[in-house]
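In the two complexes that follow, chain A is the common piece, with chain B as its partner first and chain C second.
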Partner chain A sequence: MFANKPLIQCALFLVLLCAVFSFATPYFLSLDNMMSILSAGAVIGLLAVGATFVIAAGGIDLSCAGVMALASVVTAYALKNMGVTNPAVAFLLAGLTGAFIGGLTGALINVTRAPSFIITLGMMSIARALALILAGGIPIYGLAENITALGQGRVFGMPAAVLFLLGGFVLAGYLLGFTRFGRHILAFGDSAMAAHATGIRTNLLKLKTFALAGFFSGIAGFVFMARTNSGDPSAGMGYELMAITAVILGGANLFGGRAHLLGTFMGVLCLGVLQNGLTLLAISTFYQVLFVGIVLLLSAFLRRFSARAS
Partner chain B sequence: MKKLLKLVVFFIAKKLIFLAVFLFLTHGVAQAAEQKEYIFILKALSNPYWQALRDGAVETTEAAGIKATILSPTNDAAKEEHLALCETALQKKPAFLFIGPATTAIGLECMKRAQEKGIRVADIDATVTLAEATDAKTDMVFTTGADNSAIGEKVAEYVANHTPDKPHLKVLVIEGAIGSPPGMLRPEAFKKKLKELKPDTEIVNSISGDWDRMKGMQIATDTLTRTPDLDVIFAANDMMAIGAAEAVKLAGKTEQVMVIGVDGTPDARAAILNGTMTASLTQLPYLIGKRAVEMAFETEKGTLKNKAEYAQMIILTKDVLTENKEPLLEYVR
Partner chain C sequence: MSNSLTLENISRNFGALKVLQDVAAQFTGGKITALVGDNGAGKSTLLKIMAGALAPTSGTIKLNDEEIAGLNPAHHRARGIEMVYQDLALAKQHHVAANIFLGREIACPLTGLLKTKEMRAQTEALLEQTGIKIPQLDRPVGALSGGQQQAIAIARALLVPPKVLLLDEPTAALAAKEVDMVLDILRQQREKGLIIILVSHRLNDVLAISDNIITLKHGRIFNDRKTADTNLAEIVQDIVS
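So, the complex of A and B:
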């Protein structure tokens, strides 16, 4: 039965949202607007990719938005003050900054054996603070055009930011669904003890998972930077929770063992469509926040219902 | 029974989904609304400043028979949301777009995107300067709003004028959120100007209160413990000033410490009238909203003279509020 598949539920929900908005406002259903939804979702989407891995492994990452801000500041700083001009170098720098902080997070979790919630909560503050210190509290603005083109330009009619988003999801989908690494993450998320007993090197696995999540947060920082033409130390405040919301909407199990990148992608789209549609309808912000809450509760309810039905 | 319920629910769900898909597929060719529209992208609507600005803008727009649409981000601090709002607003092809951008960068990016679509954009929070827009090769129609540095300077002048017999002032400055332009520019300009006017001034502390009332109170309490002979508290907004004024009241030092905020919110005016707060500078947000729309009209008619027009400001004190002689008080909301 379709109802016991969280993925299909999420897809149906998305279609329903789109239908309602297409009916309610003539501006919604246009290619231009779809692209605008995708570009607006690029940053949160890439954060959600990282969050999917962490949640699949039974952890939680509260530091992703802070890491993203740090990566955007480090990269913008290097571009403005250290003579970096090559976009590929900038891209790598952002990704590696994220991966470094992520790896550090993983190592700290291994050493302290503390829950990821606590360690990433600490890393969230540290990453944010490092970004503020490096940038002196204000955004680093005004990057070269070859960089901003990667966030604002179009490739074959498709906004570049959207390509990063899609590329991130395809790569991550491959890693989680079709590699041994991905299977190990899911097995570890399902039961850490069992995974350990089968010979998976769980400490290394955790380190790699958080480094990978950090890498995607770093890429999110790069896209943010290219899109807004600035490295901003207070970028994306609160985005970590949006990313987690998207992952949960996409049918992942918060306690690990089950996660799907396609689901996360649709979760991101649900949030993006909701925000875009309500904005086009000029519905007050206060209600937008309310709707996001209702949607999340609704998905929890649906899942409970379908679990019982099956 | 359970099975029946399940069947019924699935049946309804299926119908709904088919209907949804049908609507989705058939509704692509709907007509756009014909009425002329102005869109305003504001900052936090939970802030009385933006509420007053909104009222001024909406009333003036609607009085001219134009549709006014207000948008604001759910999360002011995330910044990127402002850009997403801008892109969404441009989909509706408004006759004019007004934005109070989170940062200069966001403002300029929004203007660039609007320019591509041939839509006029103006800054209503004095965030992007004309020079910055020219540098970025973007076409900003005009900028209006409150000049944050001028706010700090004006408060410094007020403090200097009202403490002629005290050359050695001890001053606490409560800054806004780290990284926000008004939160940093107002205190900076205040300190600089006050040092100029009264070189012996001692800034005992200058620290961020995050725009938060509780934090304002906490900072004032701690500072009063360390510096019992404090003379002046300047907070970058009224929220923090009110918190600080509460702390001063609890310490029994209302007569001794001057507390000044910015915005002239209803809460602050009540505090000024009951004597807990000394003064609040208001940028008359209602008037800013009204003027922004009038400037848009002037742009459309081709009669706009000044592309940068900064807000008029008045300092609200108990005397100003009770005498009610100041003509601009009409715009205090």
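So, the complex of A and C:
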């Protein structure tokens, strides 16, 4: 089935990357390094989860990293200044902050009928500015150990951040791949007309999609905060593009209708492996950014070529 | 008892433009009515109003004497009015069963998990009942022929047996053999007592399938003829005069 072709291409590319780095450096192929890749990719991975829903629905979300920063600041502020101590409450606060901003974004798209690109570009600035205002322009440091343990600690030998990542992907994979909600998102991304004509409440669907994407951005903010022990208003600059890159690498159609959480997961791994491998080979971060761009372009060319061939 | 759909003084304006003006008509079950007319006559607008995709500026629609309120296709679908759009409104990256069940997916009420096997089995049964042959149900709909896509769009409208079937240009982009398939499906549904209303520019198809032909002109009903008592020349005359 041609729908799975980009997924297979992504898997092959991931295997190729792993093979190259395994030969290039002896430090690459170890369990600790694999965990390190997953752990480092947790934040971008969770952002990519949210981005997958939006792209599946034919939209784009440029605000996810800004929302992530805002959620991290709001949660850190509540932990430091408002007497919140329970990690579960902090987790929910981060997620709900993101969901609120995401829902607002969806509502604005519905009301203005403007493209999601424009609205999320505006929300990116607003979220980032709110984070800066609330934090007074500097990160909120010094969180309790029960919070930082969720970003830096391990559970059953596995980094806690990785568990958040995997949990996010499993939940999102279920929602997108196996429920009516996910089917409607994909159908709407495929043909808004078809979704409307079959009675799907498309405005509500858009609102829910952006709220869900915001929720995952909020969770990404929580994980970032727990990993860095800070609510940072400058957190994740440029992460939105990395998240979108991961989704596209994973075989999603940027115009909507086709997206796979498994593909996005592999896309996140591709980026993580690439950055990790280049770091192990002591290649400058400037070149790492260059390689990410090249990989994305290659993926686009490959997909175009294989589509023509079939 | 035969179903009936009644339009009472339906008007629709787009800004200052009066697309439909006081359209009144009654359609009964077991008959196929064709709406014909020149471009801009208001045929598709009238069809969309009957489907709930557009709200009338004024006027009412009654299905079996019950007024249909509400402004969305879901509301009309729930009351048994289905429409097959000219562009078919199919999700072309999705497979056949996903399109047939779009908006009506069967899912476990507890877990929300889609029952894909059940939907596929029902799709196979529906296609068999309607005489539609599609060899590869797992293929994305966009990879199928125009006739097969049209048949899927019609099959989707028949999934929950409707009272009214509306079709906008159902044969416009089809080859002769595919036209025959679509017309056979419509004849079969007429036998089942459906109210079928179609808009078409292909007057030969209209004459082949319909029981009566309504000509719309400048947003009003110009003529309503029994197909058996008319011919192509008269219909063309109605449209262009």
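Convention: the second predicted complex is superposed on the first by the 306 of 310 C-alpha atoms of A that agree within 3 Å, B and C clash if a C-alpha of one lies under 4 Å from a C-alpha of the other, contacts with A are read in each partner's own complex, and residues count from 1 in each chain.
Definition applied: contacts are C-beta pairs under 8 Å (C-beta built on N, C-alpha and C of every residue); 3 or more make two chains touch, one makes a residue touch a chain.
On a predicted model such as this, the values are computed, not experimentally measured, just so you know.
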Message: Which partner chains sit in contact with A:R304 here, chain B, chain C, both or neither? Use first/second/both/neither.
response: neither
- prompt: Counting residues of chain A in contact, which comes out ahead: chain B or chain C?
  reply: B
- request: Tell me which partner A:A194 touches in the superposition: chain B (first), chain C (second), both or neither.
  value: second
- request: Would you tell me the residues on chain A in contact with chain B in one complex that are also in contact with chain C in the other?
  value: 1, 3
Field: Touching residues on chain C, where the partner in the complex is chain A
entry: 53, 72-75, 77-78, 83, 85, 87, 89-94, 98-99, 102-105, 107, 112-114, 138-140, 143, 156
In the complex with chain A, residue positions of chain B that touch it: 6, 9-10, 13, 16-17, 19-24, 27-28, 30-33, 45, 69-75, 77-80, 83-85, 87-89, 91-92, 103-106, 108-109, 112-113, 136, 177-179, 181, 184
Contact set on chain A toward chain B in their complex: 1, 3, 12, 15-16, 18-20, 22-23, 26-27, 29-30, 32-33, 36, 39-40, 43, 132, 137-139, 141-142, 152, 224, 227-230, 232-239, 275-276, 279-280, 282, 284-286, 288-289, 292, 305, 309
Of all residues in chain A, those that touch chain C in their complex: 1-3, 178-181, 183-184, 186-187, 190-191, 193-201, 253, 257-258
